[in-house]
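Just below is one structure, and these are the notes that go with it.
For reference, chains read A, B, C and D in written order, and residue numbers begin at 1 within each chain.
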């Protein structure tokens, strides 16, 4: 079993903490037991924190509500940075008119919609309106008929030379202690491969996500990357992304990386966190 | 436009002809116009031929019926070699007991079933019977609920350390002049990627398919690879597979490779057919 | 032949221009003929510009000297942002002690060296000092013995669980009108594949490079992404990187993308520039 | 530690045994200690055997001599099937005239040469003779200047639309207890990636290698795949290749797969051998 260090001792060295959500704060059972104490401690000590999540299925407001439901009142909407926010920024800057077709739930689309662009589920694409579609966004694995709409998405991308945006880079996500589900990032990867086109991905480990949070910090005052810590459960998103952006990183063992596998995976991938802690919980 | 040669002049040099099916003999409209003459000519001249197809959705008998329906009575079941036949051979040799779970139509499974093994659609896997499942076979993109059953297939492969057999290596197939559909090979590739397991694939360009046909020829008497010609419309299955097996090859321009793209694609991939012909039709 | 627009008319719409170097400003013959007028025009009109280059073989000062030698005096060292600068930043933030081993020329290493870390060519790694090596950096394809040192680099990465940094993501680069050479990014990719480790890459299309330039602009005053234009010759670095970062982009046809191939490649990849211009030259 | 079974008890069930060479019969120290007894036993009991090796650096005669030097006199040239033999067959069937350029030692080329085609090291390609080069073969990682000749090979493949044949699919090979070396298959993979061309690979796990041995067996009399056992140390060549070809397989733990990793790797890859034995040695 791998050697771990005390989480509180680690965060005491930093001014700002970035947290991954799933596998760190939450899991399939709800809240990671005891994690409340961590956010209370951050509040008391005046440390800043942000939650960086590859979840584009809901808006920051909805994500914040889900944290509040499980008693984590400190995690307000302004503390949440999601890959969906980057996708929205991209659409605002780069897609000036027409319709944005999407794969996902109406909730996920509502969020993108608010930027002024007209959104439409892939299922509603017809021979008549296909020429108005100026982007395709992959938001969520639910909310559509996989057989019908994945095939429609393939042919949309083949016919219209438009950007395809993947707002969640994960290929699968856990649904219970044992099983996983195919994520929208996995479906998008298949369609990218079939069509041969190059899709645009937002989310960890891409540095754009870390930069989004870093920009908010800078707007509030002086900040140094040396004073920021990234906490995550996944080597190939949270840890390599944090490392590459120049941050110190903590791997916690409450999610994707099991205590028994941590050492093997670190050695196999060469992705080395600055610290390893049992969890993000303060004892 | 690329330089082509006369198809009849080419086949006159060979004793045996291997044909791909889709894009060569058939397309989305039915028969490639005029191709009947080719099979009549082969019959008259006593040349042998086989159809090598990456289609595991039906048995050779059903495939032969579909040729007969469009007037190609020469293409009998014994002339057809499908990737499904290789998958069946594999199951016969390597899976001795238990159940074979499948993704596909009942028709595709019926064929595998006949080998004595019990087959079961992925949809019927339960906590009770999952431990009896000793193989998973990807047969056809139809006949199941993509959302439910692709997710079930992912978790089957994660939980049971069993072979996953892909009986059709194609990632997409044409459905009309303009559009394609995601093939079972594309879905299998996604699940292989998500689970990290190594799947077993049957079908062109793999040499096992060419060898299956070659073995039948040898059983009938002396044959030399120099006397066999492979006719196909797809560079990265028919042509590279034929080339690698040591056969001369003809690219025809009635399917995947359009006349306007042929030269660019040959140069880009470095897959060079021995001949290029407009079609497999004898004028 | 693809439709192009006038380069001067395009840049007149923007306040700041980002240029790729090779294939846009320079090529294997030296300066792209007539490009001087462009930089004179930028100077006269008070537009800001930066050169963003995936060239880690030399420092910005040395790169600026090479521009001055061909008469482009406007391109001073402070105008140059190279992938090597990002690699240096990474080392400053994340590698605190020990030695940085490198593949490249002494020139390329001198630059990294100046950050206070001790650097050492891979050729000098011995059984005695290997335990002090805390990072490996891929800088240039010249300056070392490929057979000896690529094999040493593989075994360094296998034995020491340290970050491997690739300061140039290109896999090949043109050496004359006809031929290319394998770039350090291609060699690094092979070693990453053989060792199974995950390397850290800096350079376009990664957004960190664009952000580095954007941060400099913000430090000088208000700037909006809508006012920045990225000019490049390569779809899968300059154009997709600029697009993803939210910038408008121009594809010029003086480098990697030939006039006769531009349309095919844009359609095949789905990477669509905002504009296409014959060159970055003002007539 | 994984459960193993007795090797003698396993081979007693089969008529013919296929062996991998490196990691099974030999390793970096020479002979796997005690393996002589296995070949004596095969001789006594009249079982047939073949050695299937991804080694194209020498001819079967030279390979047999290397076995005889370490006292394995039973392994004569006619018992050896190498990926180089498949490459030679390909050249005999498919390259009718001109020159075959190669990367490797003169020894490796001598073997190909004997088929009547003129061979030439890549280093000797000039502007004058490049148009006569009709194939490029990757034989061995030694015998050429990596920097000069790998770059020449890239440009040969870019300029001439000719087949590139990789006679050894391995990407690395062990040179001592601790270190590996980059194999010609790894170098070929890099060049394939850079040029975008599709190379032709011979060697396990490809079924063509197994079929070559199977054909020899059939020429001698009736044989059934059920009576053949494949013995190897590498899951993703020997074991998956044997499995796919329909053979029963033994994983031995004297080479690539260490006793402590066997279980993890089998689970991670889903490549399951029929048996696991400590070694191919009969106690």
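In the analysis below, a contact is a pair of C-beta atoms (placed from the backbone, for glycine too) under 8 Å apart; a residue touches a chain by one contact, two chains touch by 3 or more.
Every value quoted in this text rests on a predicted model; they were computed, and no experiment measured them.
Novice: Computing the C-alpha centre of each chain, which chain sits at the greatest distance from subunit B?
Specialist: If we average the C-alpha coordinates per chain, C ends up farthest from subunit B.
Novice: Taking the mean of the CA coordinates per chain, how far is subunit A from subunit D in Å?
Specialist: 44
Novice: When the C-alpha atoms of subunit A and subunit B are each averaged to a single point, how far apart are the two points in Å?
Specialist: 40
Novice: For subunit A, which residues are shared contacts with two or more other chains?
Specialist: Answer for subunit A, listing residues that touch two or more other chains: there are none.
Novice: For the protein chains shown, what form does their contact graph take: line, ring, star, complete or other?
Specialist: ring
Novice: Got a list of which chains touch which?
Specialist: A-B, A-C, B-D, C-D
Novice: Would you pull the subunit C residues touching subunit A in the complex into a rising list?
Specialist: 89-90, 93-94, 157, 161-164, 195-200, 206-208, 211, 225-226, 236, 240, 243-247, 266-272
Novice: For subunit C, which residues are in contact with subunit D within the complex?
Specialist: 145-147, 150-151, 154-155, 158-159, 171-172, 178-182, 186-187, 189-191, 193-194
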